[in-house]
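You will see two complexes here that share chain A, one where it goes with chain B and one where it goes with chain C.
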Partner chain A sequence: MEQNPRGHRRRRRAIEITLAVGVPIALVALWQVASTRGWIDRRLYPAPTDIVDETRTQFDQQDRWHDVWVSTRRVLLGYAWGAGFGLLFGYLMGMTRLVRVALEPTLNALYTVPKLAVLPLFLLIFGFKERPVIAVIAVTVFFFVWIQAMAALLTVPGGYREAASSFGASRWQTFRHVLFPASLPQVFVGLRVAAGVAVLTLIGVEFVFAPGETGIGYVINQGRIVLLPRQTYMGIIIAALMGVIFISIVKLVGRLLTPWAPNDRAVERG
Partner chain B sequence: MIVVVMTAGALAAAFPTTAVATRPSAKAVAGCGAQATTDPTDLSKDRKPARCESGAPAPKPLAEPTTLNVSSSFRLEFIAPLLVGDALGEYAKENLKINLIPLRFSDAVPQLANGQIDVAVGGIEGALYNAANQGLPVKMTLGNYFPPDAGDASVDQTGMWCRSELFKNAAKPKPQEVKGKTLGSAVGNASASMYYVQAWMGNKAKITELNVQTIPSTDMVQAMKNKALDCAILLDPLWTTVANDPEFTLVATQTPGEPVGGYFYGKSLLQDKPEVGEAFARAMVRTINTHLTGDYHQNTQVMDALSKAINQPVATIQRTPALVFDWEIRDGTGTRIQDVFLDLGVLTYPKPVPEKKLFDRTYYGSAVGAKAQG
Partner chain C sequence: MLDSASSSRGETASDDTVATSRGLDPAKISARDVERQFSTEDGELHALGPFTVDIADGEFVCIVGPSGCGKSTFLRIVAGLIRPTGGSVEIRTRGTTQNPTAMVFQEYSIYPWKTVLENVRFGLDVAGVRKRAGNERARAYLGKLGLADRERARPDTLSGGMKQRVSIARALAVEPEILLMDEPFAALDAQLRTVLQEELLHLWQTDQRTVVFVTHSLEEAILLGDRVVVMSARPGRLLASVDVPFDRPRAPEIRAIPEFARLQAELWDMLRREVEAHLAEQAGMPASDG
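Up next, the complex of A and B:
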């Protein structure tokens, strides 16, 4: 039996932090050594320091901030539209059986369509500017949020509804004070997943169609087309950072709005 | 990503870039006479492409059966020397087996460099120049084709098409009239088509005055109809959908008599097994001489083979004219295209790459018995 549980937890936490920070650092260091020592071809697999140099040069000389801004704007707009409609449809279908019966089979069928495959259709419908890109992101996000919102509402324990009913709550009051707060933690899981997927979709779309030849997906693809591996890796890292930052923001907002929800470390603490 | 890089990198064997296999000196080849070579500086419109007699050069089978990984983005008529030759056994006569891999040229270049792909079909694109600039072993060794009416915009064909309303007189479009307009291209401004667009503009306008938009080929016509694009590079057979439509005008075509793409060898055939590279070149040259000279669209055997290989009906193939296949590489093409890419900012290195780092004419030279020109 552990005689000093607090000390044990501290040691375990220290080991976890060391692993979390140390493993990526070790991998990057290995990559650097492999590239600089010629174990892998540095021209095709540039060293991390090469990528840092390239990033500095490109941001100084080629205004990559503009590409970051354009991509961020596309993601945020697509996400806002997709999440908005996803929540609306999710809650509507979760609350009303008739609507669910009417729409669920159709939405399930549409859910399985690869969203990038509808880009040509959106180009026809929305023209060849920003809107088709935003629309593809929005449609992708919509499905992730819609499913989570609907499922979250449907899986609220029956006891919650009974309690509200016993207090004489109306349908709206039950939703407003019981079902909505109870479903929100799970909804935020969907919003977090959708945030990552939005960035993935953005990069995929910008590979195929990037209005104005701008955006991080375009930068990655251009590096690939003209064989500039450093530029490609730079773009991939920026896209990854965009995803991490976006997911973290959604997670933070989720924590602020749902203080009653168990957080990520609750299981371990418990 | 790190793991992917490390794994991929580990697979890529270290390779020297300076070790170039010794090329044998050219010997006379039966059936390939004076017409088997042309002056590489000749860019005249009426130049006849190099040819040997049918069946020449004779096969010299490799001692061991060898499979070649050949990549191409497309299965279209312009790679007929590969597809028809394979179907009609010309590569088998050299003891070669072709394994065709669908892969974009820019993605094939790193694979050429590390030897995973032996031959890539592609255009003279930005990736080639950056590969050469970085010292990677990738070179164009055989040209591919040019359209029979290249240089004559009065004949409908592949090229830069624009909405007619852009011009005061659509029969005589002026380069100044497309300044500031939007040009659609499937691979953006890194495409070799930028070269012939600039050639058409001459000194009246600069290609940098066009806004190039990358857009899938199949969406270009619709984009022009919607006025989202002013002009587009329409490849075979997409241009046939706007031919004879007065709303669209062919403005610029591929430069006459000058292939702007071809077959690229990498480490495996440039350094490790040049004799296999020679066998491939021999089979390709023989295929052109035997099956793909003149109006091969009237040759039933060839059309059957081509139709099966590209999965298109013969009638569809015959809607566009037979191409002129040309295994030779013109002198200066690489430099001129590079100049356009440097202007466009596609290439950012300070010192232009010399053509000897881009092209190797010794393989087809050896196949037809011509003196190698490097």
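Up next, the complex of A and C:
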């Protein structure tokens, strides 16, 4: 049908890239014009350039880097604890039937509890410092990682295990050579989702409780309180960037550790 | 897993053996009234037996039978992967290798996260062979299967035929006394299957290891085997054991000999009734392979 398939494909690709890049640029430009021309209320919908200016002054005068650092630390610590225990429980329960039978109903029940709801308890238990914030993030991350790790082990094709048994592999050898690597791609899906959720949770917690009145969530919420929407916009953008960067790092590590796994882009393109 | 089955895979010698094609040699594998039941949601499934067969040292035996007759189950019992619920399987080992048996599976058996070399070395790693010696041995078998230049490749870059070569090399690398093959070529296209059959013939003729080869294809069974064992529909029993009269070394060209077609027709006659029985049973029961 198509006379020149290569040229056709190149042209289609060019159009796709133009759309993918062009549409967001056009939207931002439209926003800029709408706001500066007064089509929309500039106080509530500040122009992108206003937000950039605000960000510049705030980072110069109020040391917003401190907030970024404090929030990053909370996310990373919470993530590390949550992912660590998630992997531990996921693998233990995936490997040992009795442990799974013993713990799964309890964890399933706890899974549905909104994690933010336990913040008041954590405040009482851990005191009004960093630890309750980190604990809420950790608990949230835990469930995402636990579920994926356990499911990954349970869905390892029987043929892989059987081949290992046929060579007389011990339990540990089967885990090291077969189950662990086989589970990695799916475990990284869980780790990646958890990275995004960790940032979400962080912002939510900092709205309610931000020790030392620092943190990006605090900054976002404060923008409302002091009637400075620009600051809120700035905070939203910083939180989004934190999420994107964190997810990308986890994704990259996953790629490096599981080079055999089909990556998302390849799947999308078919 | 291997340990769990060793009770029924002992080294006792009994002289009341059923005659094998090799006459008076003590059997390498003696299966006596082997049975296997599986419990499923619909109740007990009698998958195999009682099944009795003797396989001589160095013999290449092909097992054919209708789907679900338990031929793969039998192979797994010999491999020590599952235990029989009745009867016994005895394997006379020389005791020189760690793995008396090694198995080649139909699919899902080589590991995508390991390179070709690492896959072939897998059995040796598990057996605690040092890496250096393991690599050397693995390379030797890669060479035999024409994979010498692919040792660093990852399996997902290989064709189906290459993957099965890796799987065969992996099984041979542990130098088992018995090679078990579970429909190893079933997933390949017809041309590739022919090529791999030829390679296996060649390989076996220089190596003369005991092979138990499960297949759906009568043609494949006659081409490769010293003997074809025909099993009944589920629960599989020994229906017939037919010696293949063609001399070794064999070449795939024997397919053109009239005798070949005659043997194939004779076996098919036997099998057809069983396949029909299987189909009739399937109408009333959920399908299950094994």
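In the analysis below, the second predicted complex is superposed on the first by the 254 of 270 C-alpha atoms of A that agree within 3 Å, B and C clash if a C-alpha of one lies under 4 Å from a C-alpha of the other, contacts with A are read in each partner's own complex, and residues count from 1 in each chain.
As a working rule, a residue touches a chain if its C-beta (ideal position, glycine included) is under 8 Å from a C-beta of that chain, and two chains touch if they have at least 3 such contacts.
On a predicted model such as this, the values are computed, not experimentally measured, just so you know.
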(request) Would you sort A:Q3 into first (chain B), second (chain C), both or neither based on which partner it touches? (result) neither
(message) Quick check on the superposed pair: does A:T112 touch chain B, chain C, both, or neither? Answer first, second, both or neither.
(response) neither
(request) Count the residues of chain A touched by chain B and by chain C, then name the partner with the higher count. (result) B
(message) By the touch definition at the top of the document, which applies to A:Y45: first (chain B), second (chain C), both, or neither?
(response) first
(request) Would you check which partner chain A:I225 touches, where first means chain B only, second means chain C only, and both and neither mean what they say? (result) first
(request) Share the list of chain A residues that count as touching for chain B in one structure and for chain C in the other. (result) none
(message) Going by the contact rule set out above, which residues of chain A touch chain C in the complex?
(response) 157-160, 162-170, 173, 177-178, 181-182, 184, 258-260
(request) Please name which positions on chain C make contact with chain A in the complex. (result) 1-2, 76, 79-81, 98-99, 101-103, 105, 107-114, 122-123, 125-127, 154-156, 174
(request) Going by the contact rule at the top, pick out the chain B residues touching chain A in the complex. (result) 1-3, 5-6, 8-10, 12, 14-15, 106-107, 109-110, 113-114, 125-127, 129-131, 134-136, 187-190, 212-216, 218-219, 222-223, 226, 228-229, 346-347
(message) Which stretch or stretches of chain A touch chain B in the complex?
(response) 24, 27-28, 30-31, 34-35, 38-41, 43-45, 120, 123-124, 127-129, 208-213, 218, 222, 224-229, 233, 236-237, 240
